[in-house]
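Chain naming follows the written order as A, B, C and D, and within any one chain the residues start at number 1.
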């Protein structure tokens, strides 16, 4: 009998997190508790910080799991199945947000060279802010395949929206098909035209439950998501937990080879008329990275919003390149 | 057939975390991901901060789990099965460490009154630093039963030591019986006399594996634990992840009624000749709090170290009371 | 702040399985290992068998979980959140299959009275064969609400089809929306018109992956499911494992209140033009049973097949009633 | 920095079960649901039965896991990390029990050759009855290392006793150190001298809880275990579920490299004065099989009981060899 079984079980369960300030450390903590990995290396140019974070993670792991966590350097990237890029600063207040690109871009460029040298066939996940620009930067300077370089764009907000919708619509979030696409952050676009609950549109679902839909309430849930993000930034600087939880979702899809449909920041390839920027679009993610890029039909307003996102991001890339030449 | 089955399944799965700065938020994040709870309330005098943290946790929960997280107030303590006290500042550097008691004591005293008023039969877990003094303070001002007021004293360090020992001794950490007792922090005492690997002493175990024991290496693992704690404090201020992981261990024992043997900071009741302070001693922890307080035999040096811990803690309590009268 | 949190956490985690031969015992084993329950009672008119199965389950439970398993009687149904009806014989060979209704119907009728008397607000899951007729019988004689009486009709086959499709289409089964509806067994109907992969139709999905769809292969997967069921019946008498796994899926939806969309055997209420029989149709299942009954559009051949299923089942009900009067 | 991390993550997650009647199938079902494996091959000389069982397992796996299950042949043993031997008959009634060795021995001998040829470095777990004799037989005819050939002797009974003790002593079973050793079945020996609850002896534990120990009750729990085993055999023929759960415990220790202390049937190497039989003694089990064989002190009656077990087993081996020569 000719029977080909999966060979991916022989992939390593090693992961690296580059950048160990608050957000990177929180991602490392989450991955350490996930049981997905048995080796986790923390890398930071501030080796004292990396050592401190590794020390803080010394007792962390699922009971009955073996897990090695240590502060290492770029050569430790060898053999990793997943590399998370979380270096750089996070936007603490509005001014900082404007200066982030100039601050973080050189860091990502430097990391890109090391990753290209050591990463083998790892999937690279970018969490550094602003994530759309930084994913583009990493892609550009590493020369890696666009299938393997992903950014945590609108995923956390999408997961949040799914939970709020599940609550409003009396259903487990895992039965809510909802996506936020485009530029990450305040300009993101909720794709209401594609919203499905157990395969149904919202009105049919609510009717089934014997209730009418208040579409004002429905749409306000997206405002709640955006508002939560900004309330979070105002109060504490950066959405570390939301970001770390989104990173866990990506890590599960990669390590269990789920071929899961997720909104991820990747190089646009002409889908939706958008090209040559990185922004969040639907991706099918498995062990080797993105294996397919769906292009579901959009409402005209949604299409227009994505194009606007793309234009804004292209301008940001241009600006960043100028400033790089200038330095 | 007369058959009495457990009735505890009808306990609520509601938890509260009081204090939402870095450490409290990290505990809340960990408990949100644990699947142990379906309602999680964040309480902080800085309501903007509590709201920001709740916003950051909006997308966080196991897939297919229902979980409500919100910023609330002390009346939300009603109906909780577990309340975590994490208010106050953490020691960022040495000077701060000395001033912590004076800074955090009034906060804990204030919280004690609210907890006494609303907590019902919840188990209270203290994470505020310095934890031995704050556990004593909460107990004193709340008037709650010492069975239900616990502090995260040496638990994180104990879990860390178990992992290092498991690694050195080639065994899963869950088969390592090791404990750190006494005052939390640099003065804690590793109970080498009680160390057992799969029920054996270390030499027998190592002999079984065909290796000799280097007791210098063995004891150095405890130094590694203390050193990790201080490296962590130096680099980032406070061991948020280790503390949160220890809180998870306590939450599991309470919510699953494990009657687990853990080192916990509780009121000493004369065991080991120690009285009227709170410090870490072996406790058996279940849904209703501490149900038994074992008193294993100690080596004379270990006994002496615990007595020293107690004396130091009693002095700290005295000093704290003086300063309270002064104010 | 007015905030209503879930109150279902206070439901009991008690389950009963009625009928302890091979299939019922396998369901009990699966639920014992699930961690969903902390009390599990086995009921069988053959008390020696029930005792033997309970004895076999004495060591079975997740580590660190408390679980009581015992052989009881119908009064133990009190306080259950889920009751599984698995009494009666299973079809060992073709002749037996024809005689099953007459053999199992009196058993189910007898159980119905006990369940009505003791079941409180439990969800009742019917696994006794032939499941469509037995679900109807239980409903009829217990007088319970159709929302709370479910049969394991085409669920196991649906889960099997989803796994085969996931494999053929390179995607995790949880992203495959596929259903088998109608009469359980060889006459079941695969609803190809509703097949979605990550929200897409199959052709779009395969195109995305750079492959063409061979719809012959695709449809043969449904034959594989039916063929597996019959190969299983031929070789061992009854699909105990598949049935037990389907029961686990239902138990998760009920105990975690997932409001999950599943094909379940329930009383048809006019949907798809079908009335007054029990057969598998899409249901949304939560802690209180079925909360909604979707009616997705079907292809004409699918609609016709469902109507044929209904006609066949109505004839079976009529025949069963006749034979009951005769006795 | 020289840092050696685990390399075992690259082991395959492939498992084979040889023997697909009731017990073997139940083990396969349990391992399929465990998430420990992604390839599971069923092997039986009755290929129709193997196919039927594989068909019954077609829908079984954790959600979001990839798992291939198929009916194969001995060449499929290649690349397995674990091989379970469950071929042969089970004792349905007393007469059958006496004839089991003669019936199952040739089957195991035949399997031994295939396993030796294809098994590579897999761990081999014997479940065929009578397990002590069959483990010896497999070891003898395969020529494999005694470190890698284990039998499920008293493990299920040990796990059962731990649960009963945990219940009587108000503690999670995972804190109960109790073992049953020697010949599997009715002549097994409970090692009361080594019983520890959270590292304490029973009296100290009960005193802590404010109760006195009734040692009659305590010892009767072991009778309950033996009685459960025989009630199970009387009622249904064989303890399939208990055996399958014990197999899961072994699979976890191997696949997660736990180096767990378990009573396992292995070749006695002179420990406790016992040589050249296979019976259950304490073993430390990891990914590569048994890595250490502890020899805890026993009470004289326990020592005597083990010697009796050994004598009985040696007689059984002698008898089996005679009958083999005769044929």
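One rule holds in what follows: a contact is a pair of C-beta atoms (placed from the backbone, for glycine too) under 8 Å apart; a residue touches a chain by one contact, two chains touch by 3 or more.
Treat the numbers as computed from the prediction; the structure is a model and nothing was measured.
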Please name the chain that ends up farthest from subunit B once chain centres are defined by their CA atoms averaged.
C
Between subunit A and subunit D, centroid-to-centroid distance (C-alpha), Å:
45
Quick one: subunit A and subunit B, Cα centre-to-centre, how many Å?
33
Distance between chain centroids, defined by C-alpha means - subunit B, subunit D (Å):
38
In subunit B, which residues are in touch with two or more of the other chains?
64, 66, 68, 172, 174, 256, 258
Draw the chains as points, connect those that touch, then say whether the picture is a line, ring, star, complete or other.
complete
Footprint of subunit C on subunit B - complex, ascending
1, 3, 5-6, 9-14, 38-39, 64-66, 68, 70, 72-73, 76, 252, 256-258
Subunit A residues touching subunit B - in the complex, by the definition given at the top
25-26, 29-30, 33, 48-49, 51-53, 55-61, 63-64, 66, 68, 156-157, 159-160, 162-164, 167, 172-174, 225, 227-229, 231-236, 239-242, 244-246
In the complex with subunit C, residue positions of subunit A that touch it
170-172, 174-175, 177, 194, 196, 198-200, 204-205, 208-209, 256, 258-261, 284, 286, 291-294, 296
